[in-house]
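Two complexes are shown next, each including chain A; its partner changes from chain B in the first to chain C in the second.
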Partner chain A sequence: MTPDELLKTLYDETLLGNAPAVLALTQQGLDLGLTPESLLFDSLIPSLEEVGARFERGDYFVPEMLIAGRAMSGALALLRPLLAETGVQTVGTFVMGTVKGDVHDIGKNLVNIMLEGAGFHVIDLGVQVPPERFVEAINEYKPDIVGFSAFLTTTMPMFKANINALEKAGIRDQVVVMVGGAPVTQEYADAVGADAYAADASQTVKKAKDLIQKKRAMVSA
Partner chain B sequence: MHTVLSSATKKITIGHDQPFCLIGERINPTGRRIFQDQLRAGDLSAIERDVAAQVAGGATVLDVNMGVPLTDEPELLKKAIKLIQSLTDLPICIDSSVVEALEAGLSVYEGRALVNSITAEDDRMAEILPMVKHYGAAVVALPNDHDEIPMQADKRLVLTKKILDTAVDKYGLTLEDIVIDPLAMPIGADPTIVRTAYETMQRIRAEFGVNMTVGASNVSFGMPGRHTINATFLAMAITVGLTSAIMDTRTPQIVEAVKAADLLLGHDEWGASWISAHRAQQAAQKAAADALLQQALAP
Partner chain C sequence: MVEVAAPVGEVPAGEVALIACGAIAQPCGRIVQQRGWSVDIHPLPPLLHNRPDLIAGEVEELALQLRPRYSSVAVAYADCGTYGALDSVCARLGLRRLAGLHCYDVFAGQDRLAAFFSEQPGTYVLTDFLVRSFARTVVAELGLDRYPELRDTYFGNYTRVVWLAQEPDAELAHLASKAADCLGLPLTTVDVGTTGLERELTTLLHPTAAPIGCIAKK
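Moving on, here comes the complex of A and B:
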């Protein structure tokens, strides 16, 4: 297999969510002398982007998105240490959690998978995450974005509590705040002072990328 | 084990020897942008259409949820319940995660409502169960706790027992007052998740014999062909002890699957309901055909 053929096959197998093949091809690519960056940016990420696009068009369904994401995670486990060595800049770091009082995580996990698929480094704090834990994680990981997920109208007010906690800790300006979850709306996101709302996993990825670009442009300007 | 719900003039009995109880899910603003905007503006007219469509579709109870962010949910829920009770005699399932909204809803409801819902969390039970007792209502209970939604049937059984014991021993309710929601989650997210729900149902039926309900449309989230999945999920669940569901009652395919399951399990003796539904459908088709013919023949 030529390097180009390998990248193409890896792309196709990721699209199908064939985890064993994706892992084997990633290793094979490294053995062939392809760089981790090339495997990631020329094959895996474009493949997951295509998964997101198909999902948005209604051509792909939740299980297909999940297995594609899992296949990619397997490859990432292999590539991440190598990428760290070469000091490649990740797309961005994303701290994610379901708010305090809420134990729902299916939607959040889908979003995490698509974010990882897009090349984000995702730190998942799990469910029932209190404001102080978000503050800690932001101080520890210095993420570009923090995401709050809520599934109940009674737990959505924790968005505001979390944002207040970030303000009190003096770190509100350091991160972009994104919110989401079944009952959440754009109006609600605006009302609590979040920076962005996304309705589903692929929208989250798009908005997250845009926000990071804007943020980086502002910093460099 | 019979859980009786009522309005001022109608009684519905949920039980293992009864026809399945179809709780219409539609009056819920979650994911309905236009409906949310209307409710925020005080326009409840969509509820009238939702009631009519669900009654026509075969609902036996109507769920009502008024969880619109940034509104006065208790007030909105009161208004909605009064409106619905003026339109239909079907009992109501009062659905909110806000305790004050449940209380407000119960305070204006005529009859014995189903309250949706509590969990196995102590604070949630302490806030809601005395209210359920006070108003003589029944309540849906989810076997999840503060830490998680359990992915194993064992843990769900433990929490179900905790809920039943607490409700009976501490708050003076009876087992008939509790309807357990064994938790059905999207099959697209995990291939074993619905089997776990079925196992939970079977074991709750065997160990406690209580009535159960479930948010049935959840199961098909993120999948194509949702109606078929929902219909099949329900028919299968009924065989392992599910006695009601909060479900899509506007889609004939789903309602018919439930009715057929009733027939097959002997809950519709000699097919009386099944056959009369068939005749009603025939009559409606004939009336429609006649109307078309009249139109065609008109000068």
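Moving on, here comes the complex of A and C:
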């Protein structure tokens, strides 16, 4: 297989969620001399983006998304230590959690995979994360961004409660707040005082990178 | 089996068209029949719940088709994950819908449902419809038939199944316990009956009628 063929096959197998093939092809790609970055950015990430697009169009439903995400996670586990070895700097640190009272986590987990793939250091606090746990994690990990995920109309108000908790702890200015989840809109994000909203995983990565750049430019200015 | 309205285009039997989510169309039909209301039920596919972004558009399209043929059209959907989109359609077309976020609110009452979730956030709710159609609406839709190993990815954070039993019998009870077993979760059965749906339907279709439990004096 040529490197181009390999990247194309890896893309297709990720799309199908064929985890064993994805892992084997990732290893084969490395053996062929492809860099971890190329495997990620020329194949795995575009494939997962296509998975997201198919979900939006209704061609894929949740299980197809999950198995594709799982396949990508397997490849990431192989690539992560290699990326660290090559000394590639992490793009930034992202603390993520599903808000208190909510146990939906598929969307959040997919965002995490894409963030990791794009070079973020992700600390996942899991589901049902109370405001004080977010405060604790921000103090501990000093992330660039904290992300709140919510999927139920009844749990969305926790965004505001979390932001209030950050304000009360005096750390609101230290961290960019991103929010997301199926019921969330830009208007809602603005209303609760979040810094950004993203509708899907690839938008989250793009916005997170922009926000970090802006934040760093402001600090160095 | 409850009869469902004649297809669009045929002469309506009732005065009111009730656009109903397929997950509650049958109990709605039974209540309509028992009460002798002049209402035709027009169901939409229950699986729209998995693409809630499509619900408002489907309701709008059907309402526009039905409006010229009935004296009024009502919507037997709660918000159902449309996050306000259904309310916009209702406001635009002058329609009313069932109160609440989803049919669980309608069956059990909003406060009671909220209490289930605050007691145990990892509560997964079943209705009679979901119990009966579990293999198709839950197992197949979530891909658990093809990828059984995904069960914990979906339900790993859940702690119990609450069955809001409306018209329970031995067969349904058996199916409910099979469903909970399939998810690896304990089952709590809460007998909610059909008064919740009946009350909300009465409010929707006959806002000025006597409340359930009151015997109307002729």
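By our rule, the second predicted complex is superposed on the first by the 139 of 221 C-alpha atoms of A that agree within 3 Å, B and C clash if a C-alpha of one lies under 4 Å from a C-alpha of the other, contacts with A are read in each partner's own complex, and residues count from 1 in each chain.
One rule holds in what follows: a residue touches a chain if its C-beta (ideal position, glycine included) is under 8 Å from a C-beta of that chain, and two chains touch if they have at least 3 such contacts.
Source: prediction; values computed, not measured.
Visitor: Looking at the overlay, does A:67 come into contact with chain B only (first), chain C only (second), both, or neither?
Guide: In the superposition, A:67 touches chain C alone.
Visitor: Touch test for A:24: chain B only (first), chain C only (second), both, or neither?
Guide: neither
Visitor: Between chain B and chain C, whom does A:82 touch in the aligned arrangement: first, second, both, or neither?
Guide: The answer is neither, since A:82 touches no partner chain.
Visitor: For A:103, select first, second, both or neither according to whether it touches chain B, chain C, the two together, or no partner.
Guide: both
Visitor: Thinking of the overlay built on chain A, is A:32 touched by chain B (first), by chain C (second), by both, or by neither?
Guide: Touch status of A:32: no partner.
Visitor: Contact-wise, after the overlay, does A:191 reach chain B, chain C, both or neither (first, second, both, neither)?
Guide: Touch partner of A:191: chain B, not chain C.
Visitor: Output the chain A positions appearing in both contact lists, the one against chain B and the one against chain C.
Guide: 61-63, 66, 103, 105-106, 127-128, 153-154, 182-183, 185
Visitor: Give the list of chain C residues in touch with chain A in this complex.
Guide: Going through chain C, the ones touching chain A are 50-51, 79, 81, 83, 101, 114, 117-118, 121-122, 141-144, 146-147, 150, 153-154, 157-158.
Visitor: Along chain A, where are the residues that touch chain C in the complex?
Guide: Spelled out, the residues of chain A in touch with chain C are 58, 61-64, 66-67, 70, 100-103, 105-106, 127-128, 153-154, 182-183, 185.
Visitor: Using the touch definition up top, name the residues of chain A that touch chain B in the complex.
Guide: 61-63, 66, 103-106, 109-110, 127-128, 152-156, 182-185, 187-188, 191
Visitor: Per the contact definition, I'd like the list of chain B residues that touch chain A in the complex.
Guide: Residues in contact with chain A: 30-31, 33, 36, 67, 69-70, 73, 96-98, 144, 146-149, 185-186, 188-189, 191, 221-224.
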